[in-house]
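In what follows, chain A forms one complex with chain B and a second complex with chain C.
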Partner chain A sequence: MKAVTEQLWDKFSLDFLRNQVLKNAYGNDDTIIAKIDPRTLLIWYIFFGVFPWFMHNPTLLLGLFIFVAVTTRLAKVAPLVLVLFCFGVFTQSGYLLIVSWFFGGNLETLAPLLIMTLKVSITSLASITVFSGLNPDRLASGLLWFGCPDQFAFSIAFAYRILPILMEEFQNILLSYRLRGQAPDNSGWRGKIRYVIYQVRIIMLSFLPLMLNIAKRSRTTVEALELRGYRYANQNKVIKKMKIKMLQLSQLDFYFALISIAWLWGCFVVAS
Partner chain B sequence: MNKSMTQSQKLMVFVLSMSLYGLATLFTELIPSFQVGIVEFSVEYFIFIPIALAILFDPLSAALGAATGEIIFSEIMLGQFGGLGELEKFITITIAIYIAGRLVRDPKNVKNVAMVALLAVAIQQLMGATVDILKVQFAIEGFEAVPGLPESVFFTEGFACLNDIVFSGVLFSMIPSAYLVPRLYGKIEPLLGVRPRDRETKISGVKLSPKVIGICLVAFLVAIGGEFLSETGMSLIDWEASWAESGISIVMSMLLAVVVIGAVVIKMKRRTNLEVTYD
Partner chain C sequence: MIKIKDLHFTYPGAQQATLNGVNLEIQQGEFVAIIGNNGSGKSTLCKTLNGLIPNFIVGDGSGRVEYNGEDLWNMPIGKIAKRIGYVYQDFENQIVCPTVLEDAAFSCLNYGFEDYMEKGIDALNLCDLLAKKDDYIWQLSGGQLHLLALAGALALAPDVLILDEPIAQLDPAHAKQMYDILKDLNEKHGKTIIVIEHHSEYIADYCQTAILLHEGRVLWKKDARAALRECQQLIDCHIYPPQITVAAQLLQDQKTGVKSAVLPTTFSEGKVFFQAMDSLVQADVIHTHNDVEKEIAVELTDITVQYRSVKGDPKTLFDNFNLNIFKGDKIALIGSNGAGKTTLMKLLVGLLKPKRGKIKMNGVDVTSYRAEQLASHISLVYQNPEQMLIKESVRADIEFAMKERKVANYQEQAQELIALFDLEAIAENDGRLLSGGQMRRASLAIGIALEPPILLLDEPTANLDIATRQEIIRTLELLKDKIETVIIATHDMQLVCEFATRILVLSSGEVICDGSREFVFSNQAVRKQAGIEPPAIYQMAEQLGGCAYTVNEFVQAFQKEQCV
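Up next is the complex of A and B:
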């Protein structure tokens, strides 16, 4: 048992996290979902992210769920993302169910909760498909096309590039803190709690030097941006047009839309 | 000498707040939580980072940066982007941090900083809990009729909110902010080429901001008010009865509120983008 937990902790190291996030971002450019135009995917997502909330028919919802599960499979999402997704969905509904029993709930409470879980799952899986399936640069230019503020589109592209650097820097500071202090004994449940408190405290303390370091970095970044006229380019329509020129609709987009609509129509027919 | 920040310095604060808070949310997603009975000891968020930045620099840039960072790092990167639900988080975090940054006149006053940091968490959690309760009510048809569900939703949400205000508010906002702000004051500003903030520093949008916050709060209250009026059957509007489902009117009012809030935020952002100042 101890070996298993140790293995789990090893998996959740910073390196693992970094690899998973980067794999999620850049590792799956060869999937079908990644080849679809970001605009098509975003419209598709807006529909699947909003529509399920207004539906109460279980058959229809189940049909939609199967569809988004297939698209998630096609997007080849990183395992960590899926684990977090399952964990989030089941803890939320499970907790609510257990508490409702204390207030005189019964099996009838289960059905509405299952429907709610289904809705949450559909919208989350749709977002996983779109936001994990797309390469961040394509996602950013897709958002730009829809008139999303350039600052946000820039932030996405920037965040993916700065993350490995940030993590490395953070890890160095964290390790230097660990070297200077002695970790408490983590045997027994009290020791475990003390150990977690120690870890969280060190993580928080590490942010003080990190803030100073990143302040220097962000100044350099913004100065580099200013040299290239970033803020003026932001307001210039010609430059915006150049930026989103790479987006092109293809036959794939057409088929994707067609399949989605056909499936949806099929679900409606079966449900009614 | 102009004492307000230039546009590029605001962009620096935005980038700084976004990267730091984004990184912090990645960790808080993964730190395990303890549950003793129904009291949950979890690390909700490291909100002290953007609060400290909002107090030391321009509040609006820090607030928008933090909200953007959270969405990009922990939602989009980890593929947990939840659509409309994220809009709510974005707005509540922005409002809470912005208010915190505005309320502190002198960053050297530690007591003031500590109180404001706690207040920011309380504001954010109360708004979040309200939206959460409403969300469950929409998702479940005939919410009131399901045995035991309404009470349990109100109970869990209310308790979680109180729990977070006390636990996260004190441990992850009040104490670290009171620790960080005096240590960073005067040290981090030169790195961005900014003067340390004092009582005379002009903060962007002085005339506008109370109004903007007012509009945000009104939009929020309208959403809640419309919700409760329709629940108790006190239909203020006559044509409500002609709707096929009573749920639709609630959904419409909520959507309208979301649109209004979204428009206000976009307007806020436009204003900050447009007001170019030169030193």
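Up next is the complex of A and C:
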């Protein structure tokens, strides 16, 4: 029992979180999904993100759900993200399903809720597929191609660059609080509550030193960006073209599109 | 090539000018060191060369900076970047892309070179990083990150490279690699190299000329070795000449009549110089065999540690690791980056739990204790002091742990610590705004506030200039009486020699040597395996068939000879 709680507790540690975030951002760049051109994925995503909202046929939706479930599997999504997904879907609409069933709802009341849940799931899984399969840089160049401002595209890539640093810094500051502070006794349920409140308090307190430290670091970054021509490139259209030239469609994109369309068509046929 | 005439610069809001009439010329193909104490204007001078001043940092400036006859101060920053490359001291903040090749090619892409990828690859090749081109930034070690920052600057193929303290954070093996690469760039590719450097041993070995800055003025520019012979003037400016030079100077001063000889600055010069003097007396190696039974403070048995990795299976770092730490030990933990020093420290303070094995403290099994529970028995001072500063002032930070634990007279105790660590003048300031040395002293005071019986220090002298480092070593001496057991993880062999009574050499998760400095340094195989470079003075004495760990010991060994 103790081992189990310890294992569970371990999953809440910042170290675990950091590992999972990195895993999700970078750990799956060798999957099939990651090899697809970002533009193909973004168009695919727009379709799967919007289309389900206009459909009401449960069979069709179920078909779509199976499809995005498979792509999610192919993208080798980090476990934490999947857990968050399930939690998210449940809090969105899943609980209504249980509640209405509990209060004696019949299949007729359940059906709309089920459809709603399916729709949420499809769009969520589609976004998980796309954003785990695309590492930040590919995502950025894809967005750039669609005419997104460079500042926005760059900030996505840069956020991922500093995320590990940020989390490590945060971890250490939090540790300063933990080690030098005095945690309340956590025996009994009152103690447990006090302990949780204490933890939340030091997490909040850690933000100020974190911000100050990051501000101190970013001075160099800002100067370095200037030296390395970041601003110069932003004002220059030729360079933007160069940046998106590295994107190339391959046979894989073609097959991916073909399979998606074929599957959709199949679903339509079965549903009607 | 670079010509600076009567350059003045004052930062906005500053009372005094940082640069106060600098006149300087640097020739094509030179390898120059800029030396000077903190605040002498070294970094500011370099920023006037890369265009950050006045293009980006606005201040009050006058004078002329020329590059091959062109006026640098009226040139757009992008144009300068293709001529002069710059590597920051906090280089990791200069790296902005997630992968290695991308970052190396980042500048070239931004400045619109069609062949930016090839340029990036060429630069990585010059910096020995080609094998890592597809890696992510966080997979690189500190030394590799520094080389990447260099590659990023190099990719634009500038004629001049400026590096602000290129080896401050590197272990000796990586430091040598860095300088060998710079030397190669200088000799084979004709780059002009300007370094801001505190490590005078490297200046002697690699640089051709040296410029001494003091209070925003150039005092002189000399041949590098001639410059290092100006012992007294350098020490007055808080710069420490090579140990060999200092020892030679001291010996010369004591022996009247032999003033004429030229002081040595490098190892080979030193050999000639000292051999010409009397032979070195074999210092009495005092083998203190402490047969006194020492009490065990910490006992690690059969420890196995695994790390999560982003890809693939967890990695095992420690496999059945065993270690006893005795009460009263003053341990130096040495070994190259990645040998397991930090892991061992994390294990001891309870931040990392072993997969298997037992940790006992004073005979009590603490393997499953949380870090909070161990906090008053063992304390860790981080390598990065900013992360220990969590309150609004230094005083509040020192008081914090005692106040939380309801120590009765915490204010008096904090005051005592503030006095002990010479923090009175800055006790009410925000710690983050202090200088490197002050911040480090503050973090030491914070670390020992609870008077833990065991104190762990992670790289207490990293990133400090030599003068500040001496100050920290002196501060650590103060600790010896206050804290029973101290463990320092460090690359700084001078610190090891002056502080430790026991040295643990780690190499890929194993203790490969454990003993006194005599025992460890005389073991060539261990030195090689763990990449340890003993202090220059030790190596000099070793060459001469003697043994000395500090300049004073070295000089004394000669003096004894005279007395006989």
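Operating definition for what follows: the second predicted complex is superposed on the first by the 254 of 272 C-alpha atoms of A that agree within 3 Å, B and C clash if a C-alpha of one lies under 4 Å from a C-alpha of the other, contacts with A are read in each partner's own complex, and residues count from 1 in each chain.
The rule is short, and it goes like this: contacts are C-beta pairs under 8 Å (C-beta built on N, C-alpha and C of every residue); 3 or more make two chains touch, one makes a residue touch a chain.
Bear in mind that the values here come from a model prediction, so they are computed numbers and not experimental data.
In this superposed model built on chain A, chain B and chain C occupy separate space and fit side by side. By the touch criterion defined above, A:R180 reaches chain C but does not reach chain B. Contacts of A:N19 after superposition on the shared chain: chain C is touched, whereas chain B is not.
When both complexes are overlaid on chain A, the residue A:S141 reaches neither chain B nor chain C. Look at A:W101: by the touch rule set out above, it reaches chain B but stays clear of chain C. When the shared chain is aligned, no partner comes close enough to touch A:T40: not chain B, not chain C.
More residues of chain A lie in touch with B than with the remaining chain of the pair chain B and chain C. Of the two partner chains placed around the shared chain by superposition, chain C is the only one that A:K243 touches, whereas chain B remains out of contact. Contacts of A:V196 after superposition on the shared chain: chain B is touched, whereas chain C is not. Applying the stated contact rule after C-alpha superposition, one finds that A:S93 touches neither chain B nor chain C.
Looking at the shared chain after the overlay, A:R228 reaches chain C, while chain B stays out of its contact range. Of all C-alpha pairs spanning chain B and chain C in the superposed arrangement, the closest lie 8 Å apart. Shared contact residues of chain A with chain B and chain C: 158, 160, 212, 216-219, 221, 223, 225-226.
If you check the complex, the residues on chain A that touch chain C are 15-16, 19, 22-23, 26-27, 135-137, 157-158, 160-161, 164-165, 169, 172-173, 175-183, 205-206, 209, 212-213, 216-221, 223-230, 232-233, 236, 238-239, 242-243.
On the side of chain B, the complex with chain A involves touching residues 7-8, 11-16, 18-20, 22-24, 26-27, 29-32, 34, 38, 43, 46, 48-49, 52-53, 68-69, 72-73, 75-84, 136, 138-143, 146-149, 151-153, 155-156, 172, 176, 180, 183-184, 187-188, 191-193, 251, 266, 269, 273, 276.
Chain A makes touch with chain B in their complex at residues 12, 17, 21, 24-25, 45-46, 49-50, 53-54, 56, 77-78, 80-81, 84-85, 88, 95-96, 99-106, 108-109, 112-113, 115-116, 119-120, 123-124, 127-128, 130-132, 139, 149, 151-152, 155-156, 158-160, 162-163, 166-167, 170, 193, 196, 200, 203-204, 207-208, 210-212, 214-219, 221-223, 225-226, 231, 234.
Listing the residues of chain C that touch chain A in their complex gives 50-52, 55-57, 77-78, 81, 86, 88, 90, 92-99, 102, 106-107, 109-112, 114, 116, 136-138, 152, 308, 310-311, 349, 351, 371-372, 375, 379-380, 382, 384, 386-390, 400-401, 404-405, 432, 446, 449-450.
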